[in-house]
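Take a look at the structure set out below.
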Amino acid sequence: MIAFEDVSHDYGGGRLFGDVSIKLEQGSFHFLTGPSGAGKSTFLKLCYGELTPSAGKVLVMNKDLQGLSRNDLAGMRQRIGVVHQDCQFLDHLSVEQNVALPLSATGRSVPDSDVADLLSWVGLASHAEALPPTLSGGERQRAALARAVISAPNMLLADEPTGNLDWDMSQRLMSLMIELNRMGTAILIATHDLQLIRFAKSQINARVLRIARRKLQVAGADL
Amino acid sequence: MSAGASISRLVVPRRGQSVWLIVLSAGAMAFLAVFALALAVSAAQLAQTWSAALSQTATVRLSAPPEEIDEQTAIVLEVLRTTPGIASAEQIAPEEQAELLEAWLGPDLPLDALPLPRLIEVTETPEGPDRQGLRLRLSAEAPGAVFDDHTRWRRPLAEAAGRLRAVALVSLVLIGGVTSAIIALAASAALASNGQVIRVLRLVGARDRFIARAFVRQISLRAGLGALVGTALALGALAAIPQAGGDVHLLSGFGFSGAGWALPALIPPLAMILAWLASMTTAFQVLRGVT
Amino acid sequence: MSAGASISRLVVPRRGQSVWLIVLSAGAMAFLAVFALALAVSAAQLAQTWSAALSQTATVRLSAPPEEIDEQTAIVLEVLRTTPGIASAEQIAPEEQAELLEAWLGPDLPLDALPLPRLIEVTETPEGPDRQGLRLRLSAEAPGAVFDDHTRWRRPLAEAAGRLRAVALVSLVLIGGVTSAIIALAASAALASNGQVIRVLRLVGARDRFIARAFVRQISLRAGLGALVGTALALGALAAIPQAGGDVHLLSGFGFSGAGWALPALIPPLAMILAWLASMTTAFQVLRGVT
Amino acid sequence: MIAFEDVSHDYGGGRLFGDVSIKLEQGSFHFLTGPSGAGKSTFLKLCYGELTPSAGKVLVMNKDLQGLSRNDLAGMRQRIGVVHQDCQFLDHLSVEQNVALPLSATGRSVPDSDVADLLSWVGLASHAEALPPTLSGGERQRAALARAVISAPNMLLADEPTGNLDWDMSQRLMSLMIELNRMGTAILIATHDLQLIRFAKSQINARVLRIARRKLQVAGADL
């Protein structure tokens, strides 16, 4: 799915991480942890081409992201679902329309029932007609997750998708992601919630990546 | 595809001040453009009127002893007839001449008894004759003939009309340029203030073409709408300006006349095309800047 | 307090397209305003030139039997001298009269032998005489005298100049109105697109006055800057237009002359004041809308 | 400090909570919990006057918020520090200048050393010159907390201040708030992180409010 080859990144200042070589296979499930400011969001942005690495290569579905045209990059993103850390929406469209956007903005048809099912799974059925600015922090995160998975992507990248959610709802979303993973979707979740990682590991074979001291480490079973 | 087209209309927020800014500035510019156009058209018409009234006529005055006058008149008329650039030459009838002189001499003068010079009215073609050559030929063949082409009256008027028309045309070009610049800037303001819209659309895999189309469509429609309203208002204002009465011939009325009223109808589509070009260029420029 | 003043300059983002939009539209409007002002000034000057050349002169033509002519001339001059609204009246010398007639009659005519009517040149005061009354008195006291005030030449020219000036003034007012509207809209776009700035400032307890002042200061400075540049460019363009030569007197050159060049210097401060008023009004209106 | 008298709120749709009467005394420490979308952020917004209640009265320092002019409200906010759930900054000012904003924007002087001390306490010393858009999610939250406390407010309202932070950093921020509380600042924190609440309760006398089933309840020692 996604392969990093000797990737380093810095934002002009100090280096965030260096010499990262890792493969996220199809159908795999990864967590990404590390202290605040370690570079988790940066890692995710490298995965879907919002950033290009300072050094090294990022391959998505066997294509070098740096060689892709803007159009090809857009086509590639249609197969990757992303939950940003700051969930942004089109504020003038309803939650429903926002969730359907990955399909409607790329000319694909939008099955109404799918949108409704998904919204009720994340507990937003009663907010389908609401505008995003009226949502609560947790509701935004849930809507963002729904939007990321509506197009049945091959890969899901989620950046702190449960940061504003209570434990019950976090479990519920995690179950949804586990279900998707069982159906073949590769999943990468950046989170600092160890309880959530433990919950997932109890149900599925997940690996934990950790960014610390400018290195990406694959954590053992020590969690 | 139809879903894609309809969603492209949806993705750009309808409200927002920068959108109204486009409508208003396009409208204002169209309003001013109509006035500048009216000025240009009026100036052109004025120049033409003045040319027609003054530049294409001349007079030949012939003084000669009474026994030679008829012969010389014939010679002069022949010379004029064979000069290229002269449309017609006609002797002014004595009665008409008397009328012209009355202003200076009063009605009581025994004009018939006077050895008055003959006056020949000359109408030039638009190109006009070679005046220097004509003068030489006349002085050779009829020494008593004097060619007067009203130059000292014509030049300043023609120059003034030309200058007025130039000012109007420069204003038109200026207005066009300023309109494009404002619309381009408003487009880029609209795009910049919708950074979130662009980021979200990028995130869900929308192509640049799709994003640009949505913005460009909205911006050029608004510009067209604004220009339409501005033009209509300006035409209304023009129609309301009282026109000069029928007896005014030296300076025609300000505004359009006849088919000229169709000219400003070009402004709204032109504004839309300008807006389309400006916003298209800006959109792709902005899009290349946002990751 | 000094910290407060300096921070109020800081809190509004310097960049942003809507800020440039203000600079550009103020500049463009100032540019057009200078041209409209030049048109208005030129038209006013034109009207004055034409008035001076045509409207304040008149001619009295007097025909009478040779033995009465001197007496009647004296009577006419006396009548004119006692008519209010007449600045001076002078008989045209016979030589001058002969020169005028030469154009029509040729140099060979024995003018001295002819019973030519007397021509009296009349200069009117700016208010002018009561023409109807003057005509009645003349026909009563000197039946052979005819008063000709060139009305048929004067009216259309004066009307044309007046209309041109009206168009220029209307354009000026329009440009002013459009400028204020665009600046108000740009101000509200600037404020709307800085919703986050306003929310953050509110959150930390900044007062409305502080927030408004920061925006208003920036917007009116930009508008003033834009108007300054636009005015300067327009004056440069005007100075580059070739002026008419010295022998043109019926239509003077387009543009300003002498102290007139100081007039457009009023435009930038005026634009700043307009911008200040427009943005002040808009700022408080927007601030009342945001929680 | 803050008193709710028979307060109800709804956003035009269904009622969020009704008949809330509660007093948050000077020097008190409260947590506010409840499921996502229960109305925690709404409750906080009522406290500092961003919202006016649909019914009832909110008194801050013995003044009815509804009777306050815009100027008085601004003056009142200078004595309340707020950490919003979505931390917003002036994106063109440095982190340092943003943190100092509550003082500089109200004409008060800004002791440079205070800003530096605070930034290094929340671990942002190396980001003092950075612009907010370049901050990571957790760094934004820390900067927002620093901004909320720079003016030594009488009351601190924090909405999920640790949603994007790892446990170490969460503890560190909580210690800062406990310290402030010991110095007399009343504190109200909306959070869903039960571990954090437990950590605080082990060090200080904190009460837990819970919004559930349209009611505000004061939770017992059952956490």
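Just so it is clear, A, B, C and D label the chains in written order, and each chain counts residues from 1 on its own.
We take it that a residue touches a chain if its C-beta (ideal position, glycine included) is under 8 Å from a C-beta of that chain, and two chains touch if they have at least 3 such contacts.
As the structure is a computational prediction, the values presented were derived from the model and not from experiment.
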Of all other chains, the one whose Cα centre sits farthest from chain A:
C
Could you give the separation in Å between the centres of chain B and chain D, each centre being the mean of its C-alpha atoms?
68
Distance between the CA centroids of chain B and chain C (whole Å) is 22
Chain-centre distance (mean CA atoms) for chain C and chain D, in whole Å, is 63
Quick check on chain A: which residues sit in contact with 2+ other chains?
none
Among all the chains shown, which pairs meet the touch rule set out at the top?
A-B, A-D, B-C, C-D
Help me check something: in the complex, which residues belonging to chain A touch chain B?
50-51, 70-71, 74-79, 82, 84, 88-93, 97, 101-102, 104-110, 147
Okay, in this complex, where on chain B does chain A touch?
1, 3-4, 7, 10-11, 13-15, 196-197, 199-210, 291
Touching residues of chain D toward chain A in the complex: what are they?
11, 33-37, 40-41, 85-86, 123, 134, 136-139, 142, 159-160, 163-169, 192, 194
In the complex, chain B residues that touch chain C
16-18, 20-21, 24-25, 28, 31-32, 35, 39, 61, 63, 100-101, 103-109, 114-117, 119, 144, 146, 148, 155-157, 159-160, 163-164, 166-167, 170-171, 174-175, 178, 181-182, 185-186, 188-189, 192-193, 237, 241, 244, 247-251, 253-254
